[in-house]
Amino acid sequence: NNKQENKEGAKEPLIKTAVMLDWTVNTNHTGLYIAKEKGYFEQQGLEVEILEMGDPGPAQLIAAGQLDFGISYQEQVTNARAADIPVVSIAAVIQHNTSGFASLKEDELERPKDLQDKSYGGWGSPMEHAVINALMKKDGADPEKVNYIDIGAADFFSVIGKQIDFTWIFYGWDGIRAKQENIPLNIIMLRDFADFLDYYTPTIITSEKLIEEQPELVKKFMEATSKGYEFAIEHPKEAAEILIKHAPELNKDLVIESQDWLAQQYQADAPQWGWQEKEVWERYARWMKDQDLLPKMIEIPKAYTNDFLPLR
Amino acid sequence: MRKFMPSLIFFSFLLLLWEYIVKAFQIDKFILPPPSAIFEALINSSLLLLEHSKYTALEAFIGFSLAVFAGMVLAMIISLITAVKKTLYPLVIVSQTVPIMAVAPLLIIWFGYGLLPKVMVVALVCFFPITVSLVEGLEKVDADVIRLLQAMGANKFQVFIKVQLPAALPSLFSGLKISATYSIMAAVIAEWLGASRGLGIYLTRSMHSFQTEQVFAVIIVISGLSLAFVALVEGAGRMLMPWYYKKHSVADQK
Amino acid sequence: MSVLSGEVHLRIEELSKEYMIKSKQGYAYQRLPTLENISLEVSRGEFVSIIGPSGCGKSTLFNIISGLEKPDAGKVFLQGRDITGLRGKVAYMLQKDLLLPWRSILDNCILALELQNVTRSKARQQAMDMLRELNLGDFSANYPAQLSGGMRQRVSFVRTMLAGKEVLLLDEPFGALDAYTKSEMHDWLTDSFQKYRPTVLFITHDIEEAILLSDRIYVLTPRPAAIRLQIGVDLPHPRTRDLLVRESFVDIKRVLLKELFN
Amino acid sequence: MRKFMPSLIFFSFLLLLWEYIVKAFQIDKFILPPPSAIFEALINSSLLLLEHSKYTALEAFIGFSLAVFAGMVLAMIISLITAVKKTLYPLVIVSQTVPIMAVAPLLIIWFGYGLLPKVMVVALVCFFPITVSLVEGLEKVDADVIRLLQAMGANKFQVFIKVQLPAALPSLFSGLKISATYSIMAAVIAEWLGASRGLGIYLTRSMHSFQTEQVFAVIIVISGLSLAFVALVEGAGRMLMPWYYKKHSVADQK
Amino acid sequence: MSVLSGEVHLRIEELSKEYMIKSKQGYAYQRLPTLENISLEVSRGEFVSIIGPSGCGKSTLFNIISGLEKPDAGKVFLQGRDITGLRGKVAYMLQKDLLLPWRSILDNCILALELQNVTRSKARQQAMDMLRELNLGDFSANYPAQLSGGMRQRVSFVRTMLAGKEVLLLDEPFGALDAYTKSEMHDWLTDSFQKYRPTVLFITHDIEEAILLSDRIYVLTPRPAAIRLQIGVDLPHPRTRDLLVRESFVDIKRVLLKELFN
């Protein structure tokens, strides 16, 4: 049924739309590039521009009606909804939180409680304090005894070992990079020590308005995007090559190995790629509210939907 | 050309020193790449850089042109109509302190992610030097020349066309040169607000995938483009104001 | 006051002018009487000089004649027609050459013609003719900055004469030139004016210059300017440098020196 | 003060128009907040803004001071030693086209977190206008004055101290004013590269928590700080160069 | 060449100077002979003028005497001591007043003394005395920009005299003033010099000025400058404006005019 529609649609002029990334292009975004390269978007009658990086970020643009789709993350969507910005998460790009606190192996920081009396290099967001507090308390340590130092946008490799004992990284990028550089690390993965910290990052978002007025467009976009990520899961090597083709500035080895690792992570234990559970949204928002990181509790069912994932 | 030899020699020496230091102290490539690696990156990605440069240069050029147009119109209105000068000019001066970089993100909320907001960032950056330098140029015309034309029976408009405007050209061009210097960088920054191509994208991609030598390569390209743009403006100035560059050549010592 | 020869070309009738200036503190205004009841006449083809102390009001007088400023009282007549406050009726030239640096010598000369909507090619033809006649043809394509001060001032003369007005107001045209160049300019000017015979009103601080060039001289009082004296210069033409040390010349100089310096 | 009345009235009118448009077209607050909301945000977060301003102002001030020091030293060396002028000055001029914003992230890699890289970004931004304006000021001194002093038996150093330096002050101060204008913004941008406090942090946090009225509030604070800084420099200029501002007052019309 | 009176203060012996200048295309150099074998003498307290065509080399001569430039041949003696190429031995004053705008009148005057390491308070005392004596005391605290052109030039004179050098080189000090102001300056200068009696070498383009102020006048040839004539001015002191029209004055003027303009 779907395919027939596509064939007819292909003769019509393509509908232009765009998706904005949350950061510079990296392996998290592979599915989008595959959908573009392999013509999945075109089959759906779409012409999609992939925009990189945005300050203020895609959420506001989407809410302002300037953009259809964007890559975001659960914390941002939660914050946005609490500020009455009507954005909706329509897919989880990666099923589990792949971030963690990294330190040099030789420092032997293996559990949250080991972080006591150590120096954390962060960017000064209240979220970091809340997360570290939560982990250490659960592990029976005194979170007051962490020394916070601001390193801002400086990356892990340029600061680690210089007054800084640990920083917060995404394994799929910095972790792989450390592996390539033969820098042995200990990584305390968030999800291993607190399930409420196993939230969705990144996610794909759109606006309530678009869902209401052009549900078909959202449907088609997700159809193609899903196919893209499913391809990446099946063929990590080819996926890496496609990404490199579209962003040749990237470090090739890093992309290939990161892609290989992420192939296992995209869908993981979920019924299909992109699937989001109510519980994940609920417990994270609740936790944020408890930590005073949210001005008010959000309406969970409005924050996300699985309705636009294709039937598998 | 010969005039720049000492600088070139000194610069080459600096490059050699840099290369030596990086090698001698075994500095990590992603912290400080040696000039040779930067040069290599420049060669290897020359096609890619060219491709990205096209977009950035286009944004810069359109934004610059827009600023030239808007700045000149505003400057003329300010200097022709006293009431406008009194109300608007102080605001123009004060608005120079408005941080355009902080306003830029709002521009994309308002105007979307296409060419428009990038062009507007460039135009905003270029607008003030052009407006202010033209207004100043138009103001500092010798009052006696204006009186002379008035005595000849010229009206305000004729005085403007025949005296003020040509007299303000050198000042205008110094403003244009400042704007041209910053236009490329403004376009790069605008690309950071959201784009799919351009040197700004190349820069962040390189930075975030730990390829510092590519960062340096793109910095060189940005500098080069800026210099080329300034040279173009300078060239236009020489075309439009031959008298300004031709001083003291005939009859210099009679 | 009597007309020396021929028809009256320019007549000034009882001009008075007062400026209001800010006092030092800048709060109150203060009256500055500048011209007091000035009447004078210039005949067609006559060269009349005006000398007077610094700041007495000479330039103010010219500003009124040229229409740049309005008098408080009095009138200006050109060939009997009231032109008080009208601009563009006489040609005005200032001490500085005021050539436009972005125009070639030729195009500087046609400025006034352009403002009168003469077509550019016709204006250029006319200007070129005069430049050639006055031996400035070679420089027509140069820019002002390429010429010496004296040459620029000559071009400025040509521009003034090309305005096509029959009365020229010259405000200290040689004030900024050194004595040597000035002397060359006198020769050149005498020659040129012999060719074109304009009616000239000429301001100067230099007594010798006034005597050498004029048919008649008015001496003004210190501010507020009033006419203190007029004196006819009855010396033979063409007047050369030798005159400077001739008895008759020195006699006139003696009178003027006495009037000016006490 | 009275001089600025027309501007102020016009500006107030613009604000009213803005308020009206937002209300009339029901524009979302996060897209374009009305001036009243901005004003409210300014009041509500005044303490917070003050706190953040302190850090930004400090960074800007230290960076600016550093640039003043380095720029003046370099400019003096350039104008005193011909060989240095020939080799270094063209490089200084060309380096103005190097995109400091693109270099800034590298500064973090090299100098880590903390005050240093922020101060350096500010210093780099401020350095060029100061150096170039001082060199130009030192150069354009009337050659005859220098000859006069030489004829009096002055050596190169005495000529420099007694003539060139004081003569270059007005030019230096125009450079200082440009630098002061940009210094606060430079500090804000540097904070974007990584900091825990300062107006830059406040700005991004407001932006990312969708509080556009706070973004405007902080833009106003940045403008205000920049203006205050420029006024300070201007004041210093008036103290150091009374002769420059005192022209034409006595004996104006003798 | 004979010494007119008293001891020889400044003596110049067969100075020659040639510049090398770039040709129009800027590739080749071209010789420009400027001074040719110039010898002259000035006695203590004597006022000697130098007149000559524009660009003949007058300023070059002063530059060599003051040590700013070196001659190709010849020597400069001050009281019999060879000072060729030495700076700071004579006081030099140019056409422009060249006052430093950031210094008060008083502090402008002490510039040369400062360079001689005289303490500032002593220098100020000395300068203030001279300013008072020459009726400039009221302006001592003002900045140059607050004074008229004539007043500035007077201050420049004071500065030159305060340098404490006994020989003053004055290069067209009145060239930029209008005829009226110039005349006032002559009176002031005559007065002032009567008080201090410096030895003066004075460049001018103005023949009357030269005669009015000098004890002796050298006339130079066009470039390369050589001495064409020297003439003593035997007029009574103090010289007032009346002299200008006196027979004896006009006689000297006639000679000079003839020498200069053919």
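First chain written, first letter: the chains are A, B, C, D and E, and each begins at residue 1.
The working rule: contacts are C-beta pairs under 8 Å (C-beta built on N, C-alpha and C of every residue); 3 or more make two chains touch, one makes a residue touch a chain.
Worth saying up front: this structure is predicted, and the values here are computed from it rather than measured.
Counting only chains that touch, the fewest steps needed to get from chain A to chain D is 1. Any chain bridging chain B and chain E, meaning touching each of them, is among C, D; the list is complete. By the count of C-beta pairs in contact, the leading chain pair is B-D.
In this assembly, the C-alpha centroid of chain C lies 51 Å from the C-alpha centroid of chain D. Separating the centre of chain D from that of chain E, both taken as means of CA atoms, is a distance of 48 Å. Distance from the chain A centre to the chain B centre is 38 Å, each centre being the mean of its Cα atoms. The set of chain B residues touching two or more other chains comprises 30-31, 105-106, 109-110, 207, 249, 254.
Within chain A, residues 55-56, 60, 64, 155, 158 each touch two or more of the remaining chains. Of all residues in chain B, those touching chain A in their complex are 30-31, 45, 48, 104-106, 108-113, 192-196, 201-202, 204-211, 214.
By the touch criterion stated above, chain C contacts chain B in their complex at residues 66-68, 87-89, 91-92, 94, 96, 98, 100-103, 111-112, 114-116, 139, 142-143, 145-148, 151, 163. Those residues of chain B lying in contact with chain D across their complex are 4, 6-7, 9-11, 30-32, 83, 86-91, 94, 96-99, 101-103, 105-106, 109-110, 181, 184-185, 188-189, 203, 207, 212, 215, 218-219, 222-223, 226-227, 230. Residues 53-54, 172, 175-176, 178-181, 183, 204-208, 241-242, 244-245, 250-251, 253-254, 257, 260-261 of chain E touch chain C in their complex.
Every residue of chain B that touches chain C in the complex is listed here, in rising order: 142, 144-145, 147-154, 158, 162-163, 166-167, 169, 241-244, 246-252, 254.
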